[in-house]
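Each structure below appears as C-alpha cells.
Common to both upcoming complexes is chain A, partnered first by chain B, then by chain C.
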Partner chain A sequence: MIDFVQNTLDGLAIGSAYGLLALGFTLIFGVMRRLNMAFGPSILVGIFAGAWLHSHWSAGMIPVFLATLAGAVIASAYVERLSFAAIRGDAALASMASSFALWMQLEEAVARVFPQRTYAFPTFEGLPMLELGPLFLRPEYLVMFLTAAALVAGLQVILTRTLFGLHLRTLSDNREAARVSGVNVAQVALLTFLLAAAIGGVAGFLIAATDGQISTKLGMWATMKGLIAMVIGGLGSMRGALIGGLALGVVEAQAQWYLGASGREITTFALLFVALILLPVGLAGGAETGARAEAGRRL
Partner chain B sequence: MLEIRDIKTTYGKIAALKGVSLDIREGGLTCLLGPNGAGKTTLIWTISGILKAQSGSMKLAGEELAGLKPHQIVEKGVVTVPENRLVFPEMTVKDNLIVGAFSRRKAKGGVEEDLESVLDRFPRLRERANQEAGTLSGGEQQMLAVGRALMARPKILLMDEPSTGLAPIIVEEIFEIIGKLRDEGRTIFLVEQNANLALDYADHFYLLEQGHVTFGGQPGEVDHDELIARAYLGARKAS
Partner chain C sequence: MDGYTISVLSNIGLFAFLAISAWILLIAGEISFGQQAYFAIGAYSGGIATAVWQWPFAAGVVIAVALGAAVGALVAWPTMRLSGLHYAIATLAFAELTRASLNVFTYRRDIEGFATGPDGANGFGDIRWVYEAGIEPGAYLAIIAGCLGAVIGLVALMSYGRGMARLRIVGEDPILAAMQGLSVTRTKIAAASLAGGIAALGGALYAHLATYIEPAQFSVMTGVHALAYGLIGGLGTVLGPILGVLIDIGLLESLRVFAGYRMIVFGGLVVLVLIVRPRGLLDEPTMRRVQAWLRR
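Up next, the complex of A and B:
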C-alpha cells in the first residue's frame, strides 16, 4: 500500500511534466487544428543549448534554463514559419508531414553537433530529500510539480485576463468568426506557437534536470509523451491535457514498480489503446464536445 | 461610400463572381437579392477579405480595400455579420462582444461604454451576459453577432442572410433591429434570400444572378412580384 502511494506521488510529479508537454501540443492543436510533430525535437534543441552552456561555461541553473527556453522557442519559430505559416488553409496533413520532416532535420542537426550518446545536464543539487511520514519526495519532483502548477496558473491568467488570451480563445473556438471579428490570425498563431514552445521548454528543462543526463532520444520521447497524454485527456482540451499527463505519469510509475521497465512501455500503449476505445473524446473532452455539438444543432 | 467595380472571384475552379459592380451608399440600407448559388455569400467574403478577388477594385471612400487582410478590412470599418451567426460558442456573451472591439484598440477607451450601449440595445443579451454563447437561441446568437459587429464601430455593416434558420417570428424581430439600425443613419449592406421582407426595408437593391448584377434600383420602381420570382428562382421572363 505504501508502495502504491509512493508510486502515485512520484507519478504525479513526472505526470505534471507530461501535462506541460501535452499542454504545448493542445495549444497548437487548439488554435491551428494541426499537429506539430516537431514539438519534441524543438525542445531537444533547447535542452542541448542548455547542456552546451553548462559544459563549456559551467553555467548555473538559471542561464541553462534560459538557454533551454531560448533554444526551444527559436527552433519552434523555425518550425512555425516552415511547416505552418507557409502551408495555408486546411492542408492540415501537409503541415503534419512537413513537421515530421523537420523533426528528422532538427534531431539530425543536434546529433551532428553532439555526437556522444549522452551529455550531462545540471541537476538541483543540495536540496534535501523530503520525508512525509513513511513517504519520500525527491526535491526535484517537488520543484517539477510546483513549477508546472505555477505555469498552469500563469497560463490561465494569460488566457482569461489578457487581450492575447482572448485572441487565442477566439481562434480555438471558431476560426472563421475570429477572422470576421478582426483578429489577426497569422500573428496570434505565431505567438501561440511560441508560447507552446516556451511551456515545452520548461517541461524539457525540468525533465533533463531531474535525470541529470540527456540524449538525442529526448526529442522523440517528448513528442510521444505529449501526444499520448493529449489523446488520453481529449484532443483540444487544456484541462484534459493536464489530467491526461497526470494519469500517464501515475500509470507509468505503477507499471515501472510492479512490471519493470519493459512493462511500463507496454502499459503506456495499453492505456492509450483503452482510452481510445472507451473514451474516444478523452477524459475531459466529453463535456466540451457536447456543448459544441449542441451549439451546432441550435443553428 | 463603398464602390465595387468589376470584382471577379473564383471558388476553386468555379467562377463565382464574374465581374460584379455595385455601390453601397452612405447612410442607408443596400440590399443584394438573388437565388441560391448566385454568388451572394461569395461577394460578402470577398469584401471582407477572406476570399481573394482575382481582379477588380473595392474602394471605401476612395481607399482601396482589395488585397487587404481580413483584420485590416475590419480596422477600416467594414465589418461582417456572417451567415449562421458564427459566434464563439464556448466564450461568454460579454467576451464575444469584447472581441468585436479588438479592431479599434488603437483608439483607446470607449469599450465599456460601447458594451453598455450594445447591452442596452439587446436586453436579452444583458440577461445572459455571463452565459456561454453556445447556450443562446438562434435569434439571440444573431443579436450577439450584430452586437459584436457594432462593437467595432463599423462604417459599413455587411449582413449575410440574417434570417437563415430562424423561425418567422424571430426573423421579423431581427429585421426590426436592422430597420432601427438603418433609421439611426448607419450604412448597411444586406444579403438576403427573403426578398419580400428585405424589400420592405431596403433603400436600394441589386439583383445578383449567376455571378452578375442583372438589375439595380429602388423598391417601388419595379414590379415586386417579378423581382421576387427572380430572386428566389432565378427565373427570367421572356421579353
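Up next, the complex of A and C:
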C-alpha cells in the first residue's frame, strides 16, 4: 500500500511535467487546428542550448533556464513561420508533414552540434530529501510540481484577465468569428505558438534538471508524451490536458514499479488504446469544444 | 547493376510498401501513425513461417499478408468509430503496443542444432530461406519489384473500377458518402485491411532480405516517415508515396554529398515543397492534367 501511494506521488510529479507538455500542444492545437509534430524537437533545441551554456560557461541554474526557454521559443518561431504561417489555411495535413520534416531537421542539427550520446545538465543540488511519514519525495519532484502549478495559475490569469487571453480564447473557439471581430489572427497565432513553446521549455528544463543528463531522444519523447496526454485528457480543454498528463504519469509510475520497463510500455499503450475506444471524449469529458470537433475531422 | 545500387533499390521498394499502406488510409480520410506495426507483423510472421516452421517462402509471404490484413481489419473495427486525431493516436498506441509486445515475445525452436526464432528485444536472426535457396540479390530485387508491381496494379484496378472513387468520397466527405448509400465504416475497415496486408507484404520481404529483425526497427519514427512520404510525393496517385521514398532514400542517401546532413537537406526540401504544393508533388490537379494529356 505504501508503495502504491509512493508511486502515485512520484507519478503525479512527473505527470505535472507531462501536463505542461500537453498544455503546450493544446494551446497550439486550439488556435491552429493542426498538429505541431516539431513541438518536442523545439524543446530539444532549448535544452541543448541550456546544456551548452552550462558546459562552456559553467552557468548557474537561472541562465541555463533562460537559455532553454530562449532556444525553445526561437526554434518554435522558425517552425511557426515555415510550417504554419506559410502554408494555406485549409491544408492541415501539409502542416503536419512539414512540421515533421522540421522535426527531422532540428533533431539532426542538434545531433551534428552535439555528437555525444548524452550530455550533462545541471541539477538542483543541495536540496534535502523530503520525508512525509513513511513517504519520500525527491526535491526535484516538488520543484516540478510547484512550478507546474504556478505556471498553470499564471496561464489562467493570462487567459482570463488579459486582452491577449481573450483573443486567444476567441480564436480557439471560432476562427471566423475572431476574424470578423477584429482579432489579428496571424499575430495572436504566433504569440500563442511562442507561449506554448515557453511552457514546453519550462517542462523540458524541469525534466532535464531532474534526470541530470540529456540526449537527442528527448525531442521525440516530449512530442509523444505531450500528444498522448492531450488526447487522453480530452482535446481543447486546459483542464483536460493537465488531468491527462497526471493520469499518464501515475499509470506509468505504477506500471514501472509493478511490471518493470517492458511491462510499463505494454500497459501504458494498451490502456491508451482501450481508453481511446471506450472514452474518446477524454478524461475531462464535458461539452464538445470547437477544437475537439475539428479533431474529429481530418485534423 | 552493382551491389550498392541493388541494395538501395531494394530498400526503396520495401519502404514503398509501407508508404503505400499509409497513403491508402490517407485517401480513406484517416491518418495512421501505426502502419509500421503491420510491417512488423509481416516480418515476424513471415520469418517464423520460413525459419522456424521451415515452410516455403511463398507460403510465408501469404501467411504474412493474410495476418496483416486480418489484424488490420480487427484493429479498424473498434477504432473506425474514432476519427481524425483520435484515430491517429489509437493507431500510434496499437503500433507501440505491438513493438513493446515483440520486445517480450520469445518463440524459439531447435533448428539444425541452433535455437531459432524471435528472442524478445534481442531480435530474430537467421531468416535465411532466400540465401539457402541461392537467390541472388538481383533476383530478390526482381521479386520485390514484382510484388510492388502487383500492389500498384491492384490500386490501378481499383481506380479503373469503383474502389478508389469510393475510398476517395469516403475520405473527402463521409456524410455525402453515407447519403450516396455507401457504408462508410465498411469501406474504411476494408481500406485498413488492405493497408495492413500491403504493409505486411513489405515486412515479410524485408525480413528475408535483412535476415535479422528486431522490435526497435519498427518504431514510431518508421511509421511517421511512411506517412510523410505520401504527403510529399502527392496524394493524387499511388505513385506519389513511391516518389516520396525515391526522393528520401534514392536521391539523398545515394548522393553522398549530403552525408551527415541528409535530414537537414531533406527536411528543408520537404518544407519548401509543402509551402508551394500542400498536397504533395503529384497532387490531384496535376494527375488530372496528366490524365487529360494522356487521353489526347
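As a convention for this text, the second predicted complex is superposed on the first by the 285 of 299 C-alpha atoms of A that agree within 3 Å, B and C clash if a C-alpha of one lies under 4 Å from a C-alpha of the other, contacts with A are read in each partner's own complex, and residues count from 1 in each chain.
Keep this in mind: contacts are C-beta pairs under 8 Å (C-beta built on N, C-alpha and C of every residue); 3 or more make two chains touch, one makes a residue touch a chain.
These figures come from a predicted structure and were not determined experimentally.
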item	value
Contacts of A:A94 with chain B and chain C, given as first, second, both or neither	second
First, second, both or neither for A:L35, with chain B first and chain C second	second
Which of chain B and chain C A:P134 touches, first, second, both or neither	neither
Residues of chain A touched, compared between chain B and chain C (which is higher)	C
First (chain B), second (chain C), both or neither touched by A:V185	first
Chain B versus chain C as contact partner of A:P115, first or second or both or neither	neither
First (chain B), second (chain C), both or neither touched by A:G126	neither
Touched partner set for A:T170, first chain B, second chain C, both or neither	first
Residues of chain A contacting chain B in one complex and chain C in the other	294-295, 298-299
Residues of chain B that touch chain A when the two form their complex	48, 50, 69-71, 74-75, 79-80, 82, 84-91, 95, 98-100, 102-103, 105, 132-138, 141, 148, 152, 165
Of chain A, residues touching chain B in the complex	163, 166-167, 169-170, 173-174, 176-186, 288, 291-292, 294-295, 298-299
Of chain A, residues touching chain C in the complex	35, 37, 82-83, 86-88, 91, 93-98, 100-105, 107-109, 112, 220, 224, 227-228, 231, 235, 262, 265-266, 269-270, 272-273, 276-277, 280, 294-299
For the chain C and chain A complex, residues of the former touching the latter	26, 29-31, 78-79, 81-86, 88-90, 92-94, 96-97, 100-101, 103-104, 121, 171, 220-221, 224, 227-228, 231-232, 260-264, 266-268, 270-271, 274-275, 278-279
